[in-house]
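We just call them A, B, C and D in the order they show up, numbering each chain from 1.
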Amino acid sequence: MGNANEPVVNLISKPENMLKTIYTACRTCYSADYPINIYKNAVDEEKMLKLIERVIGSGHFSTIEHIQVTFAISNVSRACTHQLVRHRHMSFSQKSQRYVKEKGQFDYIIPPTVEKNPEILEKYKKFMEFTSNFYTEMTEAGIPAEDARFVLPNAAASSLVTSLNLRELIHLAHIRLCTRAQYEIRIMVKKMCEELTKEEPWLKKYLVPKCESLGYCDEDKSCGRKKTKAEFLKEPAQV
Amino acid sequence: MGNANEPVVNLISKPENMLKTIYTACRTCYSADYPINIYKNAVDEEKMLKLIERVIGSGHFSTIEHIQVTFAISNVSRACTHQLVRHRHMSFSQKSQRYVKEKGQFDYIIPPTVEKNPEILEKYKKFMEFTSNFYTEMTEAGIPAEDARFVLPNAAASSLVTSLNLRELIHLAHIRLCTRAQYEIRIMVKKMCEELTKEEPWLKKYLVPKCESLGYCDEDKSCGRKKTKAEFLKEPAQV
Amino acid sequence: MGNANEPVVNLISKPENMLKTIYTACRTCYSADYPINIYKNAVDEEKMLKLIERVIGSGHFSTIEHIQVTFAISNVSRACTHQLVRHRHMSFSQKSQRYVKEKGQFDYIIPPTVEKNPEILEKYKKFMEFTSNFYTEMTEAGIPAEDARFVLPNAAASSLVTSLNLRELIHLAHIRLCTRAQYEIRIMVKKMCEELTKEEPWLKKYLVPKCESLGYCDEDKSCGRKKTKAEFLKEPAQV
Amino acid sequence: MGNANEPVVNLISKPENMLKTIYTACRTCYSADYPINIYKNAVDEEKMLKLIERVIGSGHFSTIEHIQVTFAISNVSRACTHQLVRHRHMSFSQKSQRYVKEKGQFDYIIPPTVEKNPEILEKYKKFMEFTSNFYTEMTEAGIPAEDARFVLPNAAASSLVTSLNLRELIHLAHIRLCTRAQYEIRIMVKKMCEELTKEEPWLKKYLVPKCESLGYCDEDKSCGRKKTKAEFLKEPAQV
């Protein structure tokens, strides 16, 4: 079915004892004790959380690289994944259009602007059907899947497994939860953050668009959520 | 025009004194002398080349990271660039389908297997025209370019500027000059290598498919150019 | 105490369901199914292992980046850690000599060649005592720890927490289990591999020096374990 | 001689046409034109500079990764280089203490706090002489250089060749020009920036400590140059 329009995101792997591992990393830098002892003696969750928040708050992000999480993602367009794979600190295993031949109508994504325009929507669906038929005709004529896919559109749905550490996840949230980001990657990253914070609620405050972290918007124009940097830096002087 | 079928590749930037820089890096590791003195005294090209070849030959690739080169590339499909941007040690600035609205027929790539099938080729061209018309209809109906692009096919031509260091270029050649690689990225990487070796011919011997470097094919099945690893390792025992 | 001479290595974190995660990543590339379904249906351990071995065997290492493991390490010299932190795909949190002031005799490492020479060993220990006393004198004279540490030797013991994915661990084993590697980092990496293979024995065959993986030694001179590449490539021709 | 106390920093390589390359990368993202044409038509320096400043100003740093520069550095302590090599986006070729045997008194760095304390300074110099003699005694007794170096102090001078792209250089300046950074790496990075801005003065405004870029200090405590983030964010509300 081609009308499934929301990314499907599942957290499939994270390390046990996330807090303990980060806490041990933070303390190792400032302690004469062996890290294995720090680890074994780490029991007070509140104390751990307090240290971690201070360390992350000061921008010392290397300590949270020790946590890597893995997501299974489906129902995202190739337009979206072409952007996603530009994040060079992430690991990806993506469904290959070279090796996986589409059978019948391929899944595709419908952007909300198309969804809202009945006339265009109708034609959009027919276009996908038409494309699907031509794809099938090509493969039946002996064109290999890796070449037949040249007619598949950006809308074609893809699946992938991706892993990233907490530092990169915070960066991803900063960039892709921004109103300027493409709507689809914004929803996908929002779901990734939600999947994780369901289990690790203390992370919520870090998984925000960059303006929330900076205190201002560093883009040319603000969406209105925060003042631009130029406006913001001017303000104190006006007092 | 949609029938331009070869990637356009130009080397637009490389450092001056490539050999001297690599030589200085190699010698710095093993010398009590200041690197700036090594650099200033490096004049004998043959001697430099000899050292560099020994160092690269032993797999000590970090010394060639000091050389970064930049290519301007056009006329490659989005299918090809989606693969290319998976190389996480490279830097990319790519034409955006979100911000650049296509005007008239978009450029597209025709795979050789399509080129060779007159009936499919005819339909392929009509498909591209049809897609172009629908794209234009969408944008004229107020669909923003970033959503209208959902109908653009993998065949759509893209442009990019990419930079990579020599270590990554050798890796890229190893992986993408392999017969298993997609035909288009193979041609593109071949042209990148040729552009550079025109000016730095000493690099030719390193810019080869991985089997030439390994001595055997490490894929499941060989294309025939080299024996597979399994066959190769068996051989000496058969003597 | 300064005479503890073996690195202390403990695995403190790894993801649950390592096999299932890698298997899901491998299958996602070649399957029309959603990765979350692949994950849920992955139960046959033998089948998973078989696929994973084929994928790693073909050099497609990106699928094992999804597994990251974390080690707590102590009792390694700063000479050793200066080498270790050159691995740029690893994450590190290391005991800081700027922030942690040594109290009393600092821990230090004794290389085996020193251990075996009684006269030098005696002087080595006195040297460490002498250095420790001067360090204390400096800090008592008001020199900040970050400057007093300028007299601390490479032998000074350090501690760190480090994380790396399986791809990097295999690379680390290839490079640092090689006979050419410094003895201390070789022992440390050996222990890291042992810690992990205790729990994941299927990894043993990949955590080997590079010559075992390549089939030959690619260094200038071989330690004797394998023929050099030049010798090896010549052999079949001699048949 | 051991009393040379300033890092020696020389820029040995940069690409020609830095501005043109960055400009071409920026324009490629937003243009229908081929990048090679953009490159050939780029002549108006003022116009190029204006676009580049807007792009960097908006935090879109990937476009400046296309420029990599190389420095030859000497007379820095191993304490300093152990910090420097933690920058994982940089490339390093460093003088090896395993392979280069020290002959006679090794070069060493004297921190300013030691320099200012005549009594400690006197002992510091004697300590270095004593250490040098013991090192020599060890190597003469047959201890290999790679083990004898265990007595060499953090103060021992090192040399290296390092390359990094402009994005990383700006990051390096942000972190290491900060008052909190170790004095020696601060001087070294300052010299790197000066070497480059002598030839590319337009870069000056970006090669600043992070507080200048952020508008506030994001450390726990400010050195006084800028308000802390907490103080800064409170201010507008106080108006």
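Going forward, a residue touches a chain if its C-beta (ideal position, glycine included) is under 8 Å from a C-beta of that chain, and two chains touch if they have at least 3 such contacts.
Only a predicted model underlies this, so the values are computations on that prediction, with no experimental measurement involved.
The set of chains touching chain C and also touching chain D is given as A, B.
In this assembly, the C-alpha centroid of chain A lies 27 Å from the C-alpha centroid of chain B.
One inter-chain figure worth recording: chain A and chain C are separated by 30 Å, centre to centre, where each centre is the mean of the chain's CA atoms.
Listed for chain A are residues 92, each touching two or more other chains.
Taken pairwise by the contact criterion, the protein chains are fully connected, each one touching every other.
For chain A in complex with chain B, the touching residues are 77-79, 81-82, 85-86, 88-89, 92, 97-98, 108-114, 117, 119-120, 123-124, 127, 130-131, 134, 137-138, 141-144, 146-147, 149-155, 182. On chain C, the positions that touch chain B within their shared complex are 54, 58-59, 214-216, 218-220, 229, 232-233, 235-236, 238-239.
Chain A contributes residues 8, 10, 12-17, 20-21, 24-26, 28-32, 34-36, 38-39, 62-63, 65-66, 68, 70, 72-74, 91-96, 99-100, 102-103, 159-161, 163, 165 to its touches with chain C in the complex.
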